[in-house]
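So, here's a batch of structures to check.
Two complexes follow with chain A in common, the first pairing it with chain B and the second with chain C.
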Partner chain A sequence: MLNYNSPINDTKKYPEIEISEVEPIIKLNLRGKNRDFITKVGKVLSIIPPTDPNTSSGNDNLSILWLGPDEWMVYANDKNALNDRGILEDKLFNEISKVKLGSVTNVTDHLVMINIRGNKVFELLSTGCPFNFNDFMNSKGATTQTLLNHVDIIIHNKNVNDLNLFVRRSFSNHLWSWINDSASRL
Partner chain B sequence: MFLINCPYCGERDQSEFSAGGEAHIVRPKQPTELSDDQWAEFLFMRKNIKGIQLERWNHAHGCRKWFNMVRDTSNDKIHAVYKMGEKPPIK
Partner chain C sequence: MNKNLRTTNSNFIDQTSRISFKFDGKTLYGFKGDTLASALLANDIHLVGRSFKYHRPRGIMTCGSEEPNAIVQLGNDLSMTEPNTRATEIELYEGLEATSQNCWPSVNFDIGAINNFLSPFLPAAFYYKTFMWPASFWKKYEYFIRKSAGLGKSPTKPDKDIYDHRYLHCDVLIVGGGISGIIAAKIAAQNNLNTVLLDDKNNLGGTTIFQDNECFKINNSYSNEWLKKEIESLNSFKNLTIKKRTTLAAYHSYNYLLARENLTDHLSLDEKKNKIRQRLWKIRAKKVIIASGAMERPLIFNNNDRPGIILSTSIKKYIDYYGVKCGQKISLFTNNDTAYETAISLNKSGVSVNSVIDIRDKSNSAIVKEAEKLGIKIYWKHTVVNTSGYKRINSIELMKLSDDGTAVVENKTKEECDCLGISGGWTPRVHLFTQSGGKLKFIDKDNIFLPDKSVSEQISIGSCNGDFELDDVIKNSIKSIKNFLNINSSDYENLKINCSKETDKKNIWLLPSNKPLGKTKPFLDFQNDSTAKDVKLALREGFKSIEHVKRYTTTGMGTDQGKLSNMHALGIIAETAEVKMSELGTTTFRPPYTPLTFGAIVGRNVGEFFDITRRTPIHEWHVEQKAEFENVGQWKRAWYYPKSKETMYEAVQRESKAARDSAGILDASTLGKIDIQGSDASEFLNRVYTNAWSKLEIGKCRYGLMLNEDGMVYDDGVTTRLGENHYIMTTTTGGAANVLSKLEDYLQTEWPELDVYLTSVTDNYATVSICGPNSKKILSKVIPDLDLSDKEFPHMSFKNALINNIKCRVMRISFTGEHSYEINIQSNYGKSLWEKCIEAGNEFNITPYGTEAMHLLRAEKGFIIAGQDTDGTMTPVDLQMDWIISKKKYDFIGKRSLYRSDTIREDRKQLVGLLTDDPKEVLEEGAQIVAEAKKKPVEMLGHVTSSYFSPNLNKSIALAVVVNGKKLKGQKMFVPMENKTINVTITDTVFLDKENKRLNA
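Let's turn to the complex of A and B:
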């Protein structure tokens, strides 16, 4: 990635909570409505985009999050996948956008990924989030778009008490400060 | 807490939604043939009912999809939600 500036570039540890920015990570937004689109994405990525609301699918390298009935987000599970970034994006763009099956947008620099893990993860989120985490916290791979301290976020429940949070880059510093402040008071 | 059942995402808090006003207002097919009064009628005039009203809502901080809702404006009771393009379940 050219001139990638990490907005946070930090890791913080609190009792029972660890927060870190994980960057740079490839993120692509996919939009499409018909069955051909879903089949094509499945073929290119070897993962079928989930059609059930608030779920995700993935393999060792990539995760696909359900964002809406015609919207998904693909992101890489580790930083090393960055080398394949261009290839992945080009492949999807050529197979989907160019043939007008749907749209592929690179949102790598648009969203910042923050990893939060520890026993008090959901306690932390509940301090500023209107979402009901009762079922969410027990379902691995669950995903949701909601608000945290009035900021739009996407949450991916990666594992037990281990989640990735995506926030717009312009809000990331503010939210990072808020999360740290909140975590220090738990 | 005021919960709204998004037809795509499920039950969410009202703070994730934004209201889009009265539903099922049909745009005139030939706006250029309308008088100013008729155009203003379409553009600005709303029923503003006290009671059961059909409304448009947007899940702005979730899936960003528009949908319709049957809501009693006097007590905020939501009778039904239905997708865009569908007919209202209550007349």
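Let's turn to the complex of A and C:
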């Protein structure tokens, strides 16, 4: 039996801020350029990938984030949303990658998802992120790829003052410490 | 406090809150709201420090950031003390301790003051001229010069304070909370713009907020009363952020600005504990409105630097704002109307004004008439020719000016005083405008530089844009703001403004004296002790550019960067050299506007957060095993695993031997991994690597070498074909991000026709590498179902497998030359898999080895490390890897460059092996290689790139690059070191198992 070791596995609370690692859930990177790719993804997932920059689409189970003109990320909204992670990946891979419509890559363990919520979410981000959140904070579903304390991150604005932050696993411990240090000083 | 020096009519000082502080060890008292400067003046202390060069007594001269003299050492804690802080900007707090600078043993008796008597022998550039010969003596001079150089003392221990950074984005940023800034903020906020207003003081309002004079009214209210109500009205705007105690430090291109906010500098020692001291704001503004105001100029005359000589508006601020009298018998010396406002304020507060000495012939403005009405004596067309009083001014001498203003006439008049207010007109603060790249224009009428062409979305308003009269400030500001923000109307359309208008102007940069210039000391730069005669000397010695004169005389240098001195220096240079001020230009205004602490610049990027660190999924295991770590890029990689008291050498020897004798295990998770999919994936690899990929079978691996466009080796790694259109590429640890960017760049810009998609999966997989003769046995215990026979799973092939139902990819590839496997598994199972492999390998003495042993093992086999054995100047041919360059392929990155005349030269530096004559002698990496030991000059043929003592070969081995190395095999060479010369022989690069038998052992 192999043991599962997520890098953070913790939740921290500060005045008006709560930060937690969301237990790893499936994350897939999708890349494709043509309309057939979009249609196929829409058919398999029952969600059309957004084509407007820095937006997302989704349902109760899944979210699709726009990452670039030919790149998206799909992630499950909670770990119970998908009973069998492999089925979704295999289905997409077989119907997209294998038939040369685009690429499907599993990045579940590549990225760590950290949920940050509370009234001071954007104040926290302003301590190390150069992105302009003025409009973003009021746009539910907005996404961005930016830097936090010089580390590449993806942010998905789930709801009012409630967002998911994705960071590469190798950076996650460092960024987690940094975010907590920052939150403790707000 | 001296009660006689305090008035009770200030609204800005809380005279019910007494604060104790120490200056030069003496306990003094001030009030809440005081600055250190106002509190010192209230204690009748003018002498605050000594000047830099002549150690002349110096006092408080201004009330703001331009202060050149009153700079003090704050605090005495070795980690918190701060030098060169301006007493005029330090808000008084309980427990404040400040000391004078640049004096010993005390500010009152300073040994260095002997320099003042030696000043005739210390002209401009004295040090440059004197200490350049004989050259060999410099080391001796340097000791003494360095000791006396610099102002203040730096802290010697780490800063205990906490600093912070924040990003801020806004529609409109307004810099300066004076009357024009307040108007701008209100108009912007009323029009729903996300507005930020910054001011460096703790109260908004600039100089108008204490302009309590009948001559200056807005809508029939005194200007200060009207402004106060406007400031109060700003509180109702939710879209307006006001940041007080915040100084705009730098204005960069595209409206990117840095501002420092002082959060606790004004709090008592107890109150500031565990709080963020300063915050650096990184601001992106769509539009910027600069309302930074203007600085009052001094006047340049003999002995104009004595304690007690203060800018006239500062005297007004001290009396009207802080309720502090700068003296009991004050004289004023001016060339404009400003000093008359001061005279009236002083008179109103009961301070005796001796006289106003005005270099103009006359003035009929309302404010002058009011002063005359109050009976204040005015000396028209007069100048001050000298001042007396060593540690505090006690008298002045004045004389009448000639009609042309170049000389003095008639008899001297002596006037006793304890304070002299001076006003030489106003200099707009254009520093921020020029920092942003804006160009200035010179206005002859007012002798000022003003903003001309800007390169950003910005405007300057108010006195920093040359409007000095109240009505001009308000009306022109409103007009500019409306135009800039595309607004049709504002609340300020029909303001009724009454103000005094200046009717006469006269400017003399260097005022004449009854003595020759050489016998006087008319100071220009008060901090650096640079005088008008120093500037003239520089011109006589051939310096013409203002930038050269600045550096030769030090005018405009120092902590104040010549805020007060620059304009006069320019004026005197222009007059002497007979050129126009506009042609002369200015010195460069560089950020920061006022000095920033290192803490503010660094923010929280200290200690643990100094640099980003990356960890592998197996990191914790390495920590538990007390591994030593090596920084590889940002990764923390296990370097070696010392047992008990093992040295690094001993540990590496043990690990290397174990890997060859039985089994070793390496955490290779840091290698870059790029998932490649698409119908053109094979063609893509053909183009990025030097060798051919089309025929690589599914399930097979191949080593590839990637070149730069110049044909030089850029990166290398093994790529595996996972499916028809699916590959996984590995890159070097340090090169991963750059390789992905480069390849993505090629796909987007050079080869958009290729159907290829790249995705980084570096962090998705933990990679466990098991090598050694027993590796197969260990792997068969970990994955019993996998057929590991050479037939089914040969070297350079790959298999999908399941370990406890978890998918993994197993590659049979080797970086050590041993029979090896690399298992790639989802990162979150990495640590558990590693432990499982260790457990399975226990019976074979499986030994974890770090990066150092890995380097040694690959060097035994002559495998290169891109970046260690290559340095951006090595082609594959130089590395003796000709075999990897496909001759059949149409093209690949760098191909053309491989056939340039320089790259096909036979005598390029080439990779070779080196063996030392003494097998125990280990060469130093980087050591030079020569053919003749005693030849001079030394002809260096190459250098050692990798060097180790091989426990498996029981001798020292090395890789090196040597000119024409390929043809020198067997040749003797020399490696000259500091104390000895080492004899070496050039060999093949492969030291161990040339036949690759161990790969299949």
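Worth a mention:
To be clear about the criterion, the second predicted complex is superposed on the first by the 181 of 186 C-alpha atoms of A that agree within 3 Å, B and C clash if a C-alpha of one lies under 4 Å from a C-alpha of the other, contacts with A are read in each partner's own complex, and residues count from 1 in each chain.
The rule is short, and it goes like this: contacts are C-beta pairs under 8 Å (C-beta built on N, C-alpha and C of every residue); 3 or more make two chains touch, one makes a residue touch a chain.
The structure displayed is predicted, hence computed values, not measured ones.
In the overlay built on the shared chain, the residue A:130 is in contact with chain B and with chain C.
By the touch criterion defined above, A:164 reaches neither chain B nor chain C. Of the two partner chains, chain B is the only one touched by A:67; chain C is not.
Touching more residues of chain A than its counterpart among chain B and chain C is C. Within the superposed three-chain model, A:143 lies out of touch with both chain B and chain C [touch as defined at top].
Once the two complexes are laid over each other on the shared chain, residue contacts for A:54 go to chain B alone; chain C is not touched.
Of the two partner chains placed by the overlay, only chain C lies in contact with A:5; chain B stays clear of it. Within chain A, the residues touched by chain B in the first complex and by chain C in the second are 130-132. Residues 1-7, 24, 29, 31-32, 70, 86, 97-98, 100, 102-111, 126-134, 149-151, 168-171, 173-174, 177-178, 181-182, 185 of chain A are the ones touching chain C in the complex. Interface of chain C with chain A (complex): residues 162, 164-169, 194, 276, 282, 284, 604, 608-609, 612-617, 635, 670, 675, 677-679, 723, 725-726, 755, 757, 759-765, 803-804, 806-807, 825-833, 836. Across the interface of their complex, chain A is touched by residues 1, 8-13, 15-16, 61-65 of chain B.
Those residues of chain A that touch chain B in the shared complex are 53-54, 67-69, 71, 130-132, 144-147, 152.
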